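Each structure below is given as structure tokens.
You will see chain A twice below: alongside chain B first, and alongside chain C after that.
Let's look at the complex of A and B:
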């Protein structure tokens, strides 16, 4: 292998990059930039803040006055939260739907990450015939809009696959809690192309010398994958994990179709959408409901965001 | 290190998932069994024999109304052992199509649009009602009502709940104070409006904002006025495209509605000018009546649920409704309304039993007693209807002089009735002229 040319190229890049990056960093650190970003952040937060205040105001206050009147006439209640979390009947019970959301989200994040990292490793470092074509095919699958696949996928679950009158795959015939499997399957399918593509970019950029020397030492593919690749791509895994988590947690469409709206399987989002009264009133519940559903993504994002930033940067700057 | 931690996390997540799965399975399956021998179960004897079976129902009914539904068939469930699993969704109309096409249809659906019902009949998805159900429906409903769920001479659904749209809400208190009287003809309605306008109050308030469905309250106005100016025959031709949407007779009705809706002197009490109608949400549109900022608001019977807490809805209370008067009372009493139809996507015997039961007198009375609901079912006893506006509606529906017609926009193809018609009405309120708007809607009807 010739290593001379790449090294020169990398060297040139290495000297040019810090200069440009430093200039950008300097500009972003200036006082005006900081001020502008603080003002922007405040402006973006105001609606959420208003919603937050509203969620603690009594129903008739919410319906008759704006949230800012809270400051001149503070009235505080936990009634909205009590109603959406614990009341029986169709107006609440978010607490149990919260569990459904977790049961849907955790596997729907772990499955695609596990499969995608395996696939990405295989496509990048195992030599077999036609692997480029497979990679291109997976890459191309990203252009299929999710909405187009909903009805065929639902058919796949409910009637199986028949080719020319012969039942190739049976129907899944799932009821109640078993429908979680459908949602996991759907989310995994929809997430895989992008996750494989992203992880492939990371994994294929790992230095080849590392793999070669490991193989010289007698390491097998599973061993290399576990002890070398996985630790190195942790930031990327975390980034994809956060992406996928937020996407699945906030998803309404996929869950509505594959999990149904029953209380055994429906996640928070479906419940939240039904919390409005039949004719659009009762929105004091929505303010509290929104905050119940925001809590978990906030925790996940804040606790993993350093990985997130690192994961994003890891792909953008070479060397 | 990092790897060890991630493996740990994986293990924890796996255990958590398993635990959740197990607990979820443990609580779910409580099989119901029938108590046919109890005396109060006598009326349900003919629905026996389906112990432990489950029937799923899908509808657009949510929230308190959904709770009341569950309550209304509780005794039926207890006595027959059939477990009715109702699911209400705000995305009902769109979701039903997806589920049916995906082979995952509910057993029963409450479909509020005959146009949508016909679509599923045409694609062969809805099952024709069984003989028992048909007999029950023909016994309890007028042919007018069954017509909406009949396609090519076969019955594909039974009517369930109904509402009456031809109402004008007003404040009996204010009317009494000011010496205004409830008008009984169109001319009286206009002269009352003029009188109120002259006194400095805006007589009418209206609002047609309703999220994705913005515009629908205005279509009700047009339908109501067309029924009054042209009668039911022309109305039927219009909703079935027997005459074009922009027929001069329709244009005349729209202009007549415009003499109220687009009249700056009349509109829009408490909200601003005529254009504020388009941006006022229909839920809030009537509230100025309670503060005396406007006097009248045309909206359906279900608006009784929209008044602010503490408003007394009664003939001598804060608000009440009167029948939207006919232009010429001698020509009959046209009433605009709507309702939903119970259609079956499966023909298992227990599904048919539930469908039959929902058309029966036992069911409508059991649901009506719980409140805020009415039906055109002839077995409905008016004494079981607690709400005074619903009482009035039942009287109107059971009055033999009444010429009931279904909401036209629900009968039309969805692209028109729930599409261009709604949008056209918003443009019309915002100042576009009648001819342009009607031509635009007509050209969208294929």
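Let's look at the complex of A and C:
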């Protein structure tokens, strides 16, 4: 473009000039944009990166010099991880809490998704009186902060239900590992409104002709649900599964109240918050501990990011 | 240092019970759903056959009752919601009008306490600062970033970096940032922030102890986590703007600035509202960050954290419940606004 051939008239040159200027300006613009976005991305990544580097540095190094000195004086150890994962007593034992996190998370993801998909199907494709009202009621329950449910729900687990002095439902009386059941129950309750809402969005958008022709062929609702709907909503189920997984794995409040603080039931987050409170200066434990708790959701997130984003968008944009 | 794997076995056993319960409940329900309609269908058929045999007029073919089936589909959800949310929410509201033993009615005393106690008023003010700053800054940041990286060469990597904190627990995030804010006497600093301050010639500070600065520093953590959510949603909205509108504007020679305010912003307004509303609700309920970073000390507590303290640490369920109800009241208008917006969007 820089050398316009003499055979081309002046008119072309006139149009080429602003074009070139615009292109240069655009390139400059996009260069500043790139620069700014790189700076922002760095700002967002450096805190995590610093903690990650620190978790592999020896204790006395962490406590006396900044993590950036690692690059001039690299010293590497796995001692922090060994200590925080396996040592007994009050200093770590995170391996045990890691198993708790797993035991809490798996059923807490499965139950609400299964129940919510059943409910969402009924609300979308079964004709019955008052279904709009039920849907609106479930939708509206999203706004009840779970803080409102904590005190009574704990009481329900510990003393059961009594009406006018008569024991209607017994106390659960759970000890040690059995307390997982309380956490599963609580997480299932709290997850349902959002899960039903999201899945309803997906299921109600399935083509109606598909359902109708199945109905005409004499298929019952359970059969349609199992053979047609379930396979079609697998991506949505995955999205909500990831959502719920991150939410339960990262939760502190529900576990703090329903799991008890011991190493029989408390998940990683509870233990980590405790370490941050009582051993706030033991950075070798905190850095390694934080990474133990981060690593599983990070793997899940990175490998299934696409589904997760899709679920997020279905929930927030389509409304 | 030994890790006793045998001691962990009861947990796996419990997990297995949980999974068995899951299979039993869901499998049982599906089985029930299959058996019940078949049984109804057979009975209808039998009645029909009997009617034909006896020569009586055929019973009118009624529409199969779908309600009965729907109840089974909805049963677990409604049961869990009733036990886990509806009844507790009503009870909490009642508790908020009772004394600390939950036995005597005290009217509005707990609410009066909430607005008269200096430390609690401070908590309410802090929550207000949180809910004003987090949604606005996180949304603004998400928007700027989404516009900047839109159609850039490494867009997906660039977006993943910002989105990544979403996967980190609030507890983990609080620890990450506590490390940035760490303070180390006069010697070498180990916290990045103090190191920057020192290298610029300033004095290192105990950031998390200084009110009201510490509240702002905790807010930074929440913004750091949530900006990725805002960015992803807004980026999708930007990509959904019809290409011909953008092209037409470009032909008219609008500047990027005009393009942003006259084309992009109006087109993604609904998505911006959704993001702001979602973030506001999440921010009102924030608990983990405050608890992990400062435990609510040094004037940093927020409503959700104070509610936990009152109800579960100080044995004041009445006052804790009042705080929970207040939280609920704060969320209601935000949600009503969102529902109205959604409605307009559908109609429009």
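The criterion applied here is as follows: the second predicted complex is superposed on the first by the 265 of 319 C-alpha atoms of A that agree within 3 Å, B and C clash if a C-alpha of one lies under 4 Å from a C-alpha of the other, contacts with A are read in each partner's own complex, and residues count from 1 in each chain.
What we mean here is this: a contact is a pair of C-beta atoms (placed from the backbone, for glycine too) under 8 Å apart; a residue touches a chain by one contact, two chains touch by 3 or more.
This structure is a prediction, so every number in the text was calculated from the model and none was measured.
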item	value
Simultaneous placement of chain C and chain B on chain A, clash or fit	clash
Touching partner for A:282 - first (chain B), second (chain C), both, neither	first
Touched partner set for A:138, first chain B, second chain C, both or neither	second
Partner chain in contact with A:37 - chain B first, chain C second, else both or neither	second
Winner by number of chain A residues touched, once chain B and chain C are compared	C
Chain B versus chain C as contact partner of A:261, first or second or both or neither	first
Contacts of A:107 with chain B and chain C, given as first, second, both or neither	both
Chain B versus chain C as contact partner of A:66, first or second or both or neither	second
Which superposed partner A:272 touches (first chain B, second chain C, both, neither)	second
Which superposed partner A:151 touches (first chain B, second chain C, both, neither)	both
Which of chain B and chain C A:297 touches, first, second, both or neither	second
Residues of chain A at both interfaces, chain B in one complex, chain C in the other	63-64, 99, 102-103, 106-107, 110, 150-151, 153, 176-177, 180, 226, 256-257, 264, 273, 276-277, 280
Touching residues (chain side chain A, partner chain B) in the complex	59-60, 63-64, 89-91, 99, 102-103, 106-107, 110, 150-151, 153-155, 157-159, 176-177, 180, 226-227, 230-231, 234, 237, 256-257, 260-262, 264, 273-282
Chain A partner contacts - residues on chain C that touch it in the complex	1-3, 7-8, 10-15, 18-19, 21-22, 25-26, 29-30, 33-34, 37-38, 66-67, 69-70, 73-74, 76-78, 80-81, 83-89, 91-93, 95, 141, 144-145, 148-149, 152, 158, 160-172, 174-180, 182, 187-192, 195, 224, 227, 229, 232-233, 236-237, 256, 270-271, 274-275, 278, 281, 284-285, 287-288, 291-293, 295, 304, 307-308, 311-312, 317, 320-321, 323-325, 327-328, 331-332, 335, 342, 345
Touching residues (chain side chain A, partner chain C) in the complex	29-30, 33-34, 36-38, 40-41, 44-48, 50-51, 54, 62-68, 82-83, 85-88, 95-96, 99-100, 102-103, 106-107, 110-111, 114-116, 118-119, 121-123, 126-129, 131, 134, 138, 140-153, 156, 176-178, 180-181, 184-186, 188-190, 192-193, 196, 220-223, 225-226, 246, 249-253, 256-257, 264, 269, 272-273, 276-277, 280, 283, 286-287, 289-290, 293-294, 297-298, 300-302, 305, 309, 312-313, 316-317, 319
For the chain B and chain A complex, residues of the former touching the latter	1-3, 6, 10, 13, 16-17, 20-21, 24-25, 28-29, 60-67, 85, 87-91, 95, 98-99, 101-104, 210-211, 281, 283, 302, 305-306, 308-309
